[in-house]
(Lines give C-alpha, C1' and ligand atoms only; values in the text may rest on other atoms or scores of the structure.)
Protein backbone atom coordinates (compact mmCIF):
# COMPACT_ATOMS: atom_id res chain seq x y z
CA UNK A 1 0.00 0.00 0.00
CA UNK A 2 1.33 3.41 -0.96
CA UNK A 3 0.22 5.09 2.29
CA UNK A 4 2.32 2.69 4.36
CA UNK A 5 5.37 3.73 2.40
CA UNK A 6 4.62 7.43 2.98
CA UNK A 7 3.99 6.86 6.68
CA UNK A 8 7.24 4.96 7.03
CA UNK A 9 9.19 7.76 5.32
CA UNK A 10 7.54 10.38 7.48
CA UNK A 11 8.24 8.48 10.69
CA UNK A 12 11.89 8.29 9.67
CA UNK A 13 11.84 12.07 9.22
CA UNK A 14 10.20 12.43 12.64
CA UNK A 15 13.05 10.40 14.15
CA UNK A 16 15.56 12.57 12.31
CA UNK A 17 13.89 15.72 13.66
CA UNK A 18 13.94 14.35 17.21
CA UNK A 19 17.66 13.69 16.76
CA UNK A 20 18.21 17.29 15.71
CA UNK A 21 16.26 18.58 18.72
CA UNK A 22 18.58 16.47 20.88
CA UNK A 23 21.56 18.04 19.10
CA UNK A 24 20.30 21.51 20.03
CA UNK A 25 19.67 20.39 23.62
CA UNK A 26 23.26 19.18 23.79
CA UNK A 27 24.53 22.49 22.37
CA UNK A 28 25.73 21.09 19.06
CA UNK A 29 27.53 23.38 16.61
CA UNK A 30 24.99 25.71 14.90
CA UNK A 31 26.11 24.92 11.36
CA UNK A 32 25.75 21.17 11.99
CA UNK A 33 22.19 21.77 13.19
CA UNK A 34 21.37 23.89 10.12
CA UNK A 35 22.74 21.16 7.84
CA UNK A 36 20.58 18.53 9.53
CA UNK A 37 17.51 20.76 9.19
CA UNK A 38 18.29 21.14 5.49
CA UNK A 39 18.55 17.36 5.19
CA UNK A 40 15.11 17.04 6.79
CA UNK A 41 13.70 19.57 4.33
CA UNK A 42 15.16 17.63 1.41
CA UNK A 43 13.51 14.48 2.76
CA UNK A 44 10.18 16.28 3.15
CA UNK A 45 10.43 17.51 -0.44
CA UNK A 46 10.84 13.91 -1.56
CA UNK A 47 7.81 12.76 0.40
CA UNK A 48 5.74 15.62 -1.07
CA UNK A 49 6.80 14.67 -4.58
CA UNK A 50 5.82 11.03 -4.02
CA UNK A 51 2.43 12.07 -2.63
CA UNK A 52 1.81 14.38 -5.59
CA UNK A 53 2.76 11.60 -8.00
CA UNK A 54 0.24 9.28 -6.33
CA UNK A 55 -2.38 12.01 -6.42
CA UNK A 56 -1.83 12.64 -10.13
CA UNK A 57 -2.21 8.95 -10.90
CA UNK A 58 -5.43 8.56 -8.93
CA UNK A 59 -7.64 11.55 -8.04
CA UNK A 60 -6.44 13.72 -10.91
CA UNK A 61 -7.08 11.09 -13.58
CA UNK A 62 -10.51 10.37 -12.10
CA UNK A 63 -11.44 14.05 -11.94
CA UNK A 64 -10.26 14.86 -15.44
CA UNK A 65 -11.97 11.84 -16.96
CA UNK A 66 -15.12 12.64 -15.01
CA UNK A 67 -17.94 14.79 -16.27
CA UNK A 68 -17.82 17.45 -13.55
CA UNK A 69 -16.09 20.49 -15.07
CA UNK A 70 -15.97 22.36 -11.73
CA UNK A 71 -14.27 19.42 -10.03
CA UNK A 72 -11.77 19.17 -12.90
CA UNK A 73 -10.89 22.82 -12.55
CA UNK A 74 -10.58 22.55 -8.79
CA UNK A 75 -8.19 19.61 -9.00
CA UNK A 76 -5.96 21.32 -11.57
CA UNK A 77 -5.95 24.61 -9.68
CA UNK A 78 -4.73 22.82 -6.56
CA UNK A 79 -1.78 21.35 -8.43
CA UNK A 80 -0.81 24.76 -9.77
CA UNK A 81 -1.04 26.10 -6.22
CA UNK A 82 1.16 23.50 -4.56
CA UNK A 83 3.63 23.88 -7.43
CA UNK A 84 3.81 27.63 -6.85
CA UNK A 85 4.17 27.15 -3.10
CA UNK A 86 6.89 24.53 -3.52
CA UNK A 87 9.18 27.23 -4.90
CA UNK A 88 8.71 29.24 -1.73
CA UNK A 89 9.55 26.70 0.95
CA UNK B 1 -3.11 34.96 -26.21
CA UNK B 2 -1.48 33.40 -23.18
CA UNK B 3 1.96 33.14 -24.82
CA UNK B 4 2.12 36.88 -25.34
CA UNK B 5 1.59 37.40 -21.66
CA UNK B 6 4.39 34.94 -20.80
CA UNK B 7 6.73 36.55 -23.32
CA UNK B 8 6.02 40.00 -21.92
CA UNK B 9 6.73 38.81 -18.37
CA UNK B 10 9.96 37.12 -19.45
CA UNK B 11 11.17 40.18 -21.34
CA UNK B 12 10.58 42.24 -18.19
CA UNK B 13 12.72 39.73 -16.30
CA UNK B 14 15.39 39.98 -19.01
CA UNK B 15 15.41 43.76 -18.53
CA UNK B 16 15.68 43.27 -14.77
CA UNK B 17 18.61 40.89 -15.24
CA UNK B 18 20.38 43.34 -17.54
CA UNK B 19 19.92 45.99 -14.87
CA UNK B 20 21.54 43.71 -12.29
CA UNK B 21 24.48 43.03 -14.60
CA UNK B 22 24.93 46.79 -14.87
CA UNK B 23 24.86 47.01 -11.07
CA UNK B 24 27.72 44.49 -10.87
CA UNK B 25 29.65 46.38 -13.58
CA UNK B 26 29.27 49.54 -11.51
CA UNK B 27 30.46 47.76 -8.37
CA UNK B 28 27.15 47.88 -6.53
CA UNK B 29 26.98 46.59 -2.97
CA UNK B 30 27.00 42.75 -2.96
CA UNK B 31 23.93 42.35 -0.80
CA UNK B 32 21.90 44.63 -3.08
CA UNK B 33 22.92 42.48 -6.04
CA UNK B 34 21.93 39.29 -4.22
CA UNK B 35 18.55 40.79 -3.33
CA UNK B 36 17.92 41.72 -6.95
CA UNK B 37 18.87 38.21 -8.09
CA UNK B 38 16.41 36.81 -5.53
CA UNK B 39 13.71 39.12 -6.93
CA UNK B 40 14.44 37.77 -10.42
CA UNK B 41 14.13 34.22 -9.13
CA UNK B 42 10.79 35.02 -7.51
CA UNK B 43 9.59 36.46 -10.85
CA UNK B 44 10.80 33.35 -12.70
CA UNK B 45 8.93 31.15 -10.23
CA UNK B 46 5.76 33.05 -11.01
CA UNK B 47 6.23 32.65 -14.75
CA UNK B 48 6.83 28.92 -14.29
CA UNK B 49 3.67 28.59 -12.24
CA UNK B 50 1.61 30.39 -14.91
CA UNK B 51 3.06 28.17 -17.64
CA UNK B 52 2.29 25.04 -15.62
CA UNK B 53 -1.26 26.22 -15.01
CA UNK B 54 -1.75 26.74 -18.76
CA UNK B 55 -0.24 23.34 -19.43
CA UNK B 56 -2.55 21.63 -16.95
CA UNK B 57 -5.58 23.24 -18.57
CA UNK B 58 -4.63 22.26 -22.08
CA UNK B 59 -2.19 19.42 -22.81
CA UNK B 60 -2.80 17.60 -19.54
CA UNK B 61 -6.59 17.54 -19.93
CA UNK B 62 -6.24 16.41 -23.55
CA UNK B 63 -3.78 13.66 -22.65
CA UNK B 64 -5.78 12.35 -19.71
CA UNK B 65 -9.05 12.35 -21.62
CA UNK B 66 -7.33 10.70 -24.57
CA UNK B 67 -7.11 6.96 -25.10
CA UNK B 68 -3.31 6.67 -25.10
CA UNK B 69 -2.31 5.29 -21.69
CA UNK B 70 1.42 5.75 -22.34
CA UNK B 71 0.92 9.41 -23.22
CA UNK B 72 -1.18 9.91 -20.10
CA UNK B 73 1.54 8.44 -17.92
CA UNK B 74 4.21 10.52 -19.63
CA UNK B 75 2.33 13.76 -19.08
CA UNK B 76 1.71 13.04 -15.39
CA UNK B 77 5.28 11.92 -14.82
CA UNK B 78 6.56 15.21 -16.21
CA UNK B 79 4.45 17.20 -13.77
CA UNK B 80 5.75 15.17 -10.85
CA UNK B 81 9.29 15.82 -12.13
CA UNK B 82 9.00 19.59 -12.45
CA UNK B 83 7.30 19.68 -9.04
CA UNK B 84 10.21 17.79 -7.49
CA UNK B 85 12.74 20.03 -9.23
CA UNK B 86 10.94 23.21 -8.18
CA UNK B 87 11.85 22.47 -4.59
CA UNK B 88 15.52 22.38 -5.54
CA UNK B 89 15.89 25.67 -7.38
CA UNK C 1 18.32 31.44 26.62
CA UNK C 2 18.25 31.27 22.86
CA UNK C 3 18.53 27.46 22.70
CA UNK C 4 15.32 27.06 24.68
CA UNK C 5 13.51 29.13 22.10
CA UNK C 6 14.90 27.00 19.25
CA UNK C 7 14.01 23.78 21.06
CA UNK C 8 10.48 24.99 21.70
CA UNK C 9 10.01 25.91 18.04
CA UNK C 10 11.37 22.56 16.89
CA UNK C 11 9.14 20.64 19.29
CA UNK C 12 6.17 22.51 17.85
CA UNK C 13 7.29 21.42 14.39
CA UNK C 14 7.65 17.85 15.65
CA UNK C 15 4.05 18.00 16.88
CA UNK C 16 2.96 19.39 13.51
CA UNK C 17 4.76 16.56 11.71
CA UNK C 18 3.12 13.95 13.95
CA UNK C 19 -0.23 15.52 13.09
CA UNK C 20 0.53 15.19 9.39
CA UNK C 21 1.52 11.53 9.82
CA UNK C 22 -1.85 10.99 11.48
CA UNK C 23 -3.54 12.70 8.52
CA UNK C 24 -1.87 10.22 6.17
CA UNK C 25 -2.85 7.31 8.42
CA UNK C 26 -6.45 8.51 8.27
CA UNK C 27 -6.28 8.80 4.47
CA UNK C 28 -6.51 12.60 4.32
CA UNK C 29 -6.73 14.30 0.95
CA UNK C 30 -3.27 14.30 -0.73
CA UNK C 31 -3.20 18.02 -1.46
CA UNK C 32 -4.00 18.84 2.17
CA UNK C 33 -1.08 16.66 3.26
CA UNK C 34 1.26 18.35 0.78
CA UNK C 35 0.19 21.78 2.04
CA UNK C 36 0.89 20.77 5.63
CA UNK C 37 4.32 19.45 4.65
CA UNK C 38 5.02 22.78 2.95
CA UNK C 39 3.97 24.60 6.14
CA UNK C 40 6.43 22.44 8.09
CA UNK C 41 9.19 23.30 5.64
CA UNK C 42 8.44 27.01 5.99
CA UNK C 43 8.67 26.64 9.78
CA UNK C 44 11.98 24.76 9.48
CA UNK C 45 13.33 27.54 7.26
CA UNK C 46 12.50 30.04 9.96
CA UNK C 47 14.24 28.00 12.63
CA UNK C 48 17.33 27.69 10.41
CA UNK C 49 17.39 31.44 9.86
CA UNK C 50 17.18 32.11 13.58
CA UNK C 51 20.00 29.65 14.29
CA UNK C 52 22.16 31.23 11.60
CA UNK C 53 21.50 34.68 13.01
CA UNK C 54 22.59 33.50 16.46
CA UNK C 55 25.65 31.87 14.96
CA UNK C 56 26.63 35.06 13.11
CA UNK C 57 26.35 37.07 16.29
CA UNK C 58 28.45 34.70 18.36
CA UNK C 59 30.86 32.21 16.78
CA UNK C 60 31.34 34.20 13.58
CA UNK C 61 32.21 37.42 15.35
CA UNK C 62 34.60 35.57 17.66
CA UNK C 63 36.28 33.76 14.77
CA UNK C 64 36.67 36.85 12.61
CA UNK C 65 38.00 38.96 15.46
CA UNK C 66 40.36 36.16 16.46
CA UNK C 67 43.88 35.74 15.17
CA UNK C 68 43.47 32.32 13.55
CA UNK C 69 43.19 32.91 9.79
CA UNK C 70 42.34 29.25 9.05
CA UNK C 71 39.49 29.30 11.55
CA UNK C 72 38.19 32.54 10.05
CA UNK C 73 38.16 31.03 6.59
CA UNK C 74 36.49 27.88 7.82
CA UNK C 75 33.69 29.78 9.51
CA UNK C 76 32.99 31.95 6.46
CA UNK C 77 33.13 28.99 4.09
CA UNK C 78 30.48 27.20 6.16
CA UNK C 79 28.11 30.13 5.86
CA UNK C 80 28.55 30.25 2.10
CA UNK C 81 27.84 26.50 2.03
CA UNK C 82 24.62 26.58 4.03
CA UNK C 83 23.49 29.58 1.97
CA UNK C 84 24.06 27.65 -1.25
CA UNK C 85 22.28 24.59 0.15
CA UNK C 86 19.32 26.66 1.37
CA UNK C 87 18.41 27.40 -2.23
CA UNK C 88 18.21 23.68 -2.91
CA UNK C 89 15.92 22.52 -0.14
CA UNK D 1 39.00 40.25 -10.94
CA UNK D 2 36.07 38.56 -9.27
CA UNK D 3 33.48 40.96 -10.73
CA UNK D 4 34.46 39.98 -14.28
CA UNK D 5 33.73 36.38 -13.46
CA UNK D 6 30.31 37.29 -12.03
CA UNK D 7 29.48 39.46 -15.04
CA UNK D 8 30.48 36.67 -17.43
CA UNK D 9 28.27 34.17 -15.58
CA UNK D 10 25.34 36.58 -15.56
CA UNK D 11 25.69 37.34 -19.26
CA UNK D 12 25.59 33.61 -19.94
CA UNK D 13 22.37 33.44 -17.93
CA UNK D 14 21.00 36.40 -19.90
CA UNK D 15 21.72 34.49 -23.13
CA UNK D 16 20.02 31.43 -21.67
CA UNK D 17 16.96 33.50 -20.75
CA UNK D 18 16.79 35.00 -24.25
CA UNK D 19 16.90 31.46 -25.63
CA UNK D 20 13.96 30.48 -23.43
CA UNK D 21 11.96 33.53 -24.56
CA UNK D 22 12.59 32.38 -28.14
CA UNK D 23 11.34 28.92 -27.18
CA UNK D 24 8.08 30.43 -25.93
CA UNK D 25 7.78 32.57 -29.08
CA UNK D 26 8.16 29.41 -31.15
CA UNK D 27 5.52 27.63 -29.07
CA UNK D 28 7.86 25.13 -27.46
CA UNK D 29 6.44 22.44 -25.21
CA UNK D 30 5.46 23.96 -21.81
CA UNK D 31 7.35 21.44 -19.72
CA UNK D 32 10.56 22.05 -21.69
CA UNK D 33 10.18 25.78 -21.02
CA UNK D 34 9.64 25.17 -17.29
CA UNK D 35 12.73 22.97 -17.15
CA UNK D 36 14.83 25.67 -18.81
CA UNK D 37 13.52 28.27 -16.37
CA UNK D 38 14.48 25.96 -13.51
CA UNK D 39 17.98 25.63 -15.01
CA UNK D 40 18.24 29.43 -15.09
CA UNK D 41 17.18 29.61 -11.45
CA UNK D 42 19.82 27.05 -10.49
CA UNK D 43 22.44 29.14 -12.31
CA UNK D 44 21.26 32.30 -10.54
CA UNK D 45 21.53 30.52 -7.20
CA UNK D 46 25.14 29.69 -7.98
CA UNK D 47 25.94 33.29 -8.89
CA UNK D 48 24.31 34.49 -5.65
CA UNK D 49 26.36 32.03 -3.63
CA UNK D 50 29.60 33.17 -5.26
CA UNK D 51 28.73 36.82 -4.62
CA UNK D 52 27.93 36.08 -0.97
CA UNK D 53 31.21 34.20 -0.57
CA UNK D 54 33.11 37.20 -1.95
CA UNK D 55 31.15 39.49 0.32
CA UNK D 56 31.93 37.41 3.39
CA UNK D 57 35.63 37.45 2.57
CA UNK D 58 35.79 41.19 2.07
CA UNK D 59 33.16 43.56 3.49
CA UNK D 60 32.10 41.23 6.29
CA UNK D 61 35.64 40.67 7.58
CA UNK D 62 36.32 44.40 7.41
CA UNK D 63 33.11 45.29 9.23
CA UNK D 64 33.55 42.72 11.97
CA UNK D 65 37.18 43.61 12.57
CA UNK D 66 36.28 47.31 12.55
CA UNK D 67 35.33 49.29 15.61
CA UNK D 68 31.84 50.33 14.51
CA UNK D 69 29.39 48.09 16.37
CA UNK D 70 26.35 49.38 14.45
CA UNK D 71 28.02 48.62 11.12
CA UNK D 72 28.94 45.13 12.36
CA UNK D 73 25.34 44.45 13.33
CA UNK D 74 24.06 45.79 10.03
CA UNK D 75 26.34 43.57 7.99
CA UNK D 76 25.42 40.44 9.94
CA UNK D 77 21.72 41.23 9.82
CA UNK D 78 21.89 41.48 6.03
CA UNK D 79 23.40 38.03 5.75
CA UNK D 80 20.68 36.56 7.94
CA UNK D 81 18.10 38.29 5.73
CA UNK D 82 19.40 37.04 2.38
CA UNK D 83 19.74 33.57 3.92
CA UNK D 84 16.11 33.63 5.00
CA UNK D 85 14.99 34.92 1.60
CA UNK D 86 17.04 32.31 -0.26
CA UNK D 87 14.75 29.63 1.13
CA UNK D 88 11.76 31.39 -0.39
CA UNK D 89 12.87 31.81 -3.97
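Should a chain be cited, it is by its letter among A, B, C and D, assigned in written order, with residues numbered from 1 in that chain.
In this text, a residue touches a chain if its C-beta (ideal position, glycine included) is under 8 Å from a C-beta of that chain, and two chains touch if they have at least 3 such contacts.
A quick note: this is a predicted structure, and the numbers were derived from the prediction, not measured.
Distance between Cα centroids is largest for the pairing of chain A with D.
Looking at which of A-B and B-D shares more C-beta pairs in contact, the answer is the pair B-D.
Computed centre separation for the pair chain B/chain C is 27 angstrom, with centres defined by C-alpha atoms.
One finds 17 Å separating the Cα centroids of chain B and chain D.
Distance between chain centres (mean CA atoms), chain A to chain B: 21 Å.
In chain C, 45, 48, 52, 79, 82, 86-89 are the positions where the chain touches two or more neighbouring chains simultaneously.
In terms of inter-chain touching, the protein chains here all touch one another pairwise. Of all residues in chain B, those touching chain A in their complex are 45-46, 48-49, 52-53, 56-57, 60-61, 64-65, 72, 76-77, 79-80, 82-84, 86-89. Listed in rising order, the residues of chain A touching chain C in the complex are 3, 6-7, 10-11, 13-14, 17-18, 20-21, 24-25, 27, 30-31, 33-35, 37-42, 44-45, 47-48, 51-52, 54-55, 59, 78-79, 82, 85-86, 88-89. On the side of chain A, the complex with chain D involves touching residues 87-89.
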